[in-house]
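Right, one structure below, let's go through it.
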Amino acid sequence: MVELKDVSVKYSNGVDALDHVSLKINDGDFAFVVGASGAGKSTLIKLLLKEIDATSGKIIVNGYQLNTLKKKEIPALRRTIGIVFQDFRLISSMTVYDNIAFVLRVTDAPVPHIKKRVPYVMNLVGLQEKAKSYPDELSGGEMQRVAIARALVNDPQLLIADEPTGNIDPELSYEIVELLKSINMQGTTVMMVTHEHELVRRFGGRIINITAGQIAFDEIMEGTDNEI
Amino acid sequence: MKFSSIRYLTEQGVENIWKNRMMSFASFCVLLVSLVLVGISILAWQNVSSMIGNVESKNEVIVYLNDNTDQENLNRIEGILRNLPNIASLDFYSKEEAYLALKNRMSDYDVLFESLGDDNPLVDSFRIQIEDISQMSKTISQMESIDGIMNISAPYEFVSFLTQLRTVLTWVMTALIFAMLIVSAVIISNTTKTSVYSRREEIRIMKYVGATNAFIRVPFFIEGMITGFFAGCGALLITWLVYDTVMNILENQATLLNIIGVGSLVTFQQIYLPMTLSYLFGGALIGAAGSAFSTEKYIDA
Amino acid sequence: MVELKDVSVKYSNGVDALDHVSLKINDGDFAFVVGASGAGKSTLIKLLLKEIDATSGKIIVNGYQLNTLKKKEIPALRRTIGIVFQDFRLISSMTVYDNIAFVLRVTDAPVPHIKKRVPYVMNLVGLQEKAKSYPDELSGGEMQRVAIARALVNDPQLLIADEPTGNIDPELSYEIVELLKSINMQGTTVMMVTHEHELVRRFGGRIINITAGQIAFDEIMEGTDNEI
Amino acid sequence: MKFSSIRYLTEQGVENIWKNRMMSFASFCVLLVSLVLVGISILAWQNVSSMIGNVESKNEVIVYLNDNTDQENLNRIEGILRNLPNIASLDFYSKEEAYLALKNRMSDYDVLFESLGDDNPLVDSFRIQIEDISQMSKTISQMESIDGIMNISAPYEFVSFLTQLRTVLTWVMTALIFAMLIVSAVIISNTTKTSVYSRREEIRIMKYVGATNAFIRVPFFIEGMITGFFAGCGALLITWLVYDTVMNILENQATLLNIIGVGSLVTFQQIYLPMTLSYLFGGALIGAAGSAFSTEKYIDA
C-alpha cells in the first residue's frame, strides 16, 4: 500500500517537482502514472524509495512511515519494493544473472531458491541467453528487460516501473505489460509510469495523470483490449 | 548472515580484485611501498640503537690508585667499587701492564722511554664500565669519596657525544617512523578512497535494491584484506632483499664494522619471524581497515 | 551520405549483431530505422561512429572510408555527425549548457557563435530554463532533449538519433520528429531509430526494418499525417 | 587551437580541480608527501656529505724529520713536500711545540715528564693535510723517497674508516633517494591513474562528440600542473619546518656539533632559492606530466 498525504518536493535548486500531492494506492491495485516530461513522475518514485525526502507531507509505503524511517531500516523497506528505473541502473561489473540474483542474495535467500528463481524470471523477459553478458554488452531493450527481471525476482509487495517499455518495441511492450498484469493478479501492487498512451488506452485500469507536480486526473478507464 | 551469504560475499571480494585490477594494483603498490618504508625505518632504528649501545659499552672510567697501594687496600677499594650501583664491569690493571701498553702505544716516542730505563712512573688502576652513561657523573662522585684513590679519569666528552648523538638519532628516527606512518596513512587512505569512489555508482545501485551496509562492505573488506596480505608478502621480500644488500655492503667495510661492532648488527635471521608476522598481518589488517573506512562515505550517501 | 557494403559485426562473445548488411542513405534523406529489441539497430549506429569496427564489409560515412580511417581522423568524422544516444551519454560534470556548448568548443567555434547558437537549440527542445542544471537534476525526458539539442547544435551533415523519443510523451515526440524533419528540409541527412510504430505510421518516409541483424524491409511509405 | 579555446580549456582545468576535489586532494597529498620525502632525502644527503668532508679535512699525515735537521734541509724538504700533488696544506711543527703538546695531552703521566727534566727527546715534523684521502698511500710513498725524513705517521685506520663510512653512506643515501623517487613515481602514477580512471566515462563521451585527444588532455594537464604547484608550496613549507626543527635540535647538542663541525651543516638560508624553485617547478611538472600520461590509456580506448 502506498499513501501520500499532502506531499511536496522542492529540489535544492528551487524546482517544485511535486506540489501538495495526496494519493492512495491500495494493495493489489494496478495504476498507470502518466504525465508530460518533467511533470514529477520519477520524483514521486524517488520518494517512495526514500531516495529523496519530502519537503512536507507524510508518506506510508508497505506499512513503513517514511518520514520517521531510520537509515538502518531503509534496506528493509526497499526489499518490499521491486523497481524498474528509467535509466535501468544495472551494476556494470556484474553479469545479467548476478544483477538479478543480487536482489535475492541481499535477503539471504537460500542458494537453491536463487538457482531456480533467477533463470525463471530471465525466461519471463526473454533473456535466458544473455545470462552471462555484462550490461555493456546488451542492447537498450535488453537492459530494460534485465531491470524488469530484477524488479520481479524477489516477489515484491509493490512493483514500481518507471517507463519500463521506453526502449522496447510495441509487441514486446504488450508482453511486458501483460506480465505485470499477471503479477498483479497474484496480489502484487503495480505502479507503472509510462508515456505510451497507446498502452494505457489498450489496457485501461486506474490512470493517474501528473501535470506540473500536481495530480490532474485520477480515474479508472476501460481498456480497448477487453473489447477486441 | 547465513553461511551461503558469507561464502558469496567472500567470492565477490576475490572476484572484485580481478575486476578492479587497476585499482587493486594501485592499492597493492601503495601498501607495499608503505610497509617497506615503515619496515625499513624500524629496522634502521633497531640497528642504530644497537650500534649506539655497543659503542656506549666501550666507554671506560679509569680509577687510578695511590702509588704503591698494598694488596689489602686494593681488595678494600675493589670491594667498595663492586658494590657501587651502575657498574657494569671492573678490571684491575696493574702499573706494569699500563707501562707496557703505553710503550706500545707511543712507539713514535721510543726515545722517551729509553731515557726512563727500568723506572715505572705509573700507578695501578681499575678500569670500570658504566652501565647507564647518562648517570655517570653521579657514579663518579661516589667513587671520589673512596679512600686511597689518586685520580679518576672519565670520558666526559665521549659520553656527552654519545648521549647527544643518541638524542638526535632518537629524534630523527622517531620522526622518520612517524613520518612514514603518516605518509602511509595518507597514501593508503587516498588510494582506497579513490578506489571506492570509482565504484560509487555500483554502491548506490546496490543500496537501491535493498542491500544493507554490511552486505556492501564485506566484499570491500575482503578485497582489501587479500590485497593487503599480498602487499605484505611483497614488502617482506623487498625488505629482505634490501636488508641483505645493505648487510653485504657493510660486511666488506672491515674497519667500519670494527668500530660500530659486528655483533651490534641485527641479522635478518634474528628477526625474520616477528617481521614476517607483522608484515603479513599488518598488510592484511591495514588493507581491510582502509577499505572498510573508505566505503563509509559512499555507503551513507 | 551513408553507405554500407556487405557489413557484418560479430561481437567478441560470439553474438552476430549484423549479418551482411548493405544499405545506402543519400544526402538529404530521412530514414526511420525500426526493428525488435536486440535486432542490431544500435550496432549499426556504433559502426557509423566508428565506435566499433565491422568484422567484414565496407562503410563510407560523409566521405570517410571507415575501414581505413586513422585514429587521428576519428574526431573529424564525428564532427560531421550529430548523434542522440539511446542512453543519452551526457557529461555528468557539466551543466546542460556546457554539455551542448562542448560540441562547438571542440571545433574551435568562435565564442559569440556559441553564445547565440546554444540558447537557440535549447529553446528548440524546450529546455531554456534548465541551462544551469546538471544531468543528475533532470528528468528522463529532459536528458533526452539535451541529447537531441547536443546533436543539433553544430549543424551536422548527418544526424543519427537512437530512440530519441523513448522517454518523451507523445505530444513532445511529435514536436521532436517535426523538428528533425525541418532540419532535414534544410539538407541534413537524418536517420532515426525508433520503436514507436505510431510515429512512423504518422510521418511516413523511408522505413528500414532490421530483424536479427539483417535488413528485412527497406521501403518508402506514405505517412498518415499528410492526410489529416 | 585558438586563444578562446585555450582560455576555455584552462578554465576547465581550474574548475575540474574543484569539481573533482576529492581526487585533486588525493593527488595533492600524494605529490606533497613525495616531494617532501625526496626533498628531505636530498637535504640529508647534502648534510651528511658535507659532514664527512669536514671530518675528512681533519685528517693529518705527520712527517717526522731526522733529529737536529738544520734550517737549510728544512727548507729543502718543505719545498719538495709543497710541490707534491694531493697536498691541501702543510704546517711546520717544531719539536718544542710537540713536547709541550705531549706534556699537556699526557697530564696523567706527569711523573714521566718530571723524570726527563729539560731533555726534549722529540723531533721536528711537518703536519700535512691530504686533499683526496683515497689517494693517500700514493702520496705517502712519494714522501718516503725524500732525503732527511725519519718517519711518516699516517692515519691509515682513520682514513679507511672514513672511506668506508663514505661508501656505505653513499650507498644508503643513493638508495634512499632512488627509493623515494620510485615510491613517489609509483604512488603519483597510481593516484593520477585512478583519478583519470574515475572520469573515464566523461572522457569517452567527449570523444563521441568529436573532441581531439589534445582537447581532452589540456584540462587534465592544467589541473595536474596547478595541483602539483600547490603540492610544491606545501612541501616547501613542511620541509622548511622539519629542517628547522632538526637544526634546532642539533644546535643544542654542542659536543656533537663540535665533532661533526658546525660549519658543515647546510642552513636553510643557503639553499632556499634553488629549493623553492625545484619544489615549485618540480611539483608543477610532475603534476602535469602525471596527468598527461595517465590520460593516455583512457583516451585511446
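We call the chains A, B, C and D, going by the order they appear; numbering starts again at 1 in every chain.
Simple rule for what comes next: a residue touches a chain if its C-beta (ideal position, glycine included) is under 8 Å from a C-beta of that chain, and two chains touch if they have at least 3 such contacts.
Everything numeric in this text was worked out from a predicted model, so none of it was measured.
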Legend entry - Chains in simultaneous contact with chain A and chain C: none
Legend entry - Chain labels contacting chain B and also chain C: A, D
Inset, instruction - Please identify which chain has its centre, taken as the mean of its CA atoms, farthest from the centre of chain D. - result: A
Legend entry - Chain centre separation in whole Å, for chain D relative to chain C (CA means): 63
Inset, instruction - Take the average of all CA coordinates in chain A, do the same for chain D, and state the distance between these two points in whole angstrom. - result: 68
Inset, instruction - Compute the distance, rounded to whole Å, between the mean C-alpha positions of chain B and chain D. - result: 24
Inset, instruction - Hunt down the residues of chain D that sit against at least two other chains at once, touch-wise. - result: none
Inset, instruction - With chains as vertices and touches as edges, which is it: line, ring, star, complete or other? - result: ring
Inset, instruction - Let me know each pair of chains that touch one another. - result: A-B, A-C, B-D, C-D
Inset, instruction - Could you pull out which chain A residues touch chain C in their complex? - result: 11, 13, 15, 34-39, 41-43, 86-87, 132-133, 137-142, 144-145, 162-163, 166-172, 195-198
Legend entry - Complex contact set, residues of chain D against chain B: 22-23, 25-26, 29-30, 33, 37, 64, 102, 108-109, 111-112, 114-116, 119, 121-122, 151, 153, 157, 160-161, 164-165, 167-168, 171-172, 175, 183, 186-187, 190-191, 193-195, 197-198, 242, 246, 249-250, 253-256, 259
Legend entry - chain D-touching residues of chain C, taken from the complex the two chains share: 49, 51, 71, 74-79, 83, 85, 89-93, 102-103, 105-108, 110-111, 150
Inset, instruction - Would you pull the chain D residues touching chain C in the complex into a rising list? - result: 1-2, 4-5, 8, 16, 19-20, 199, 201-202, 205-212, 215, 300
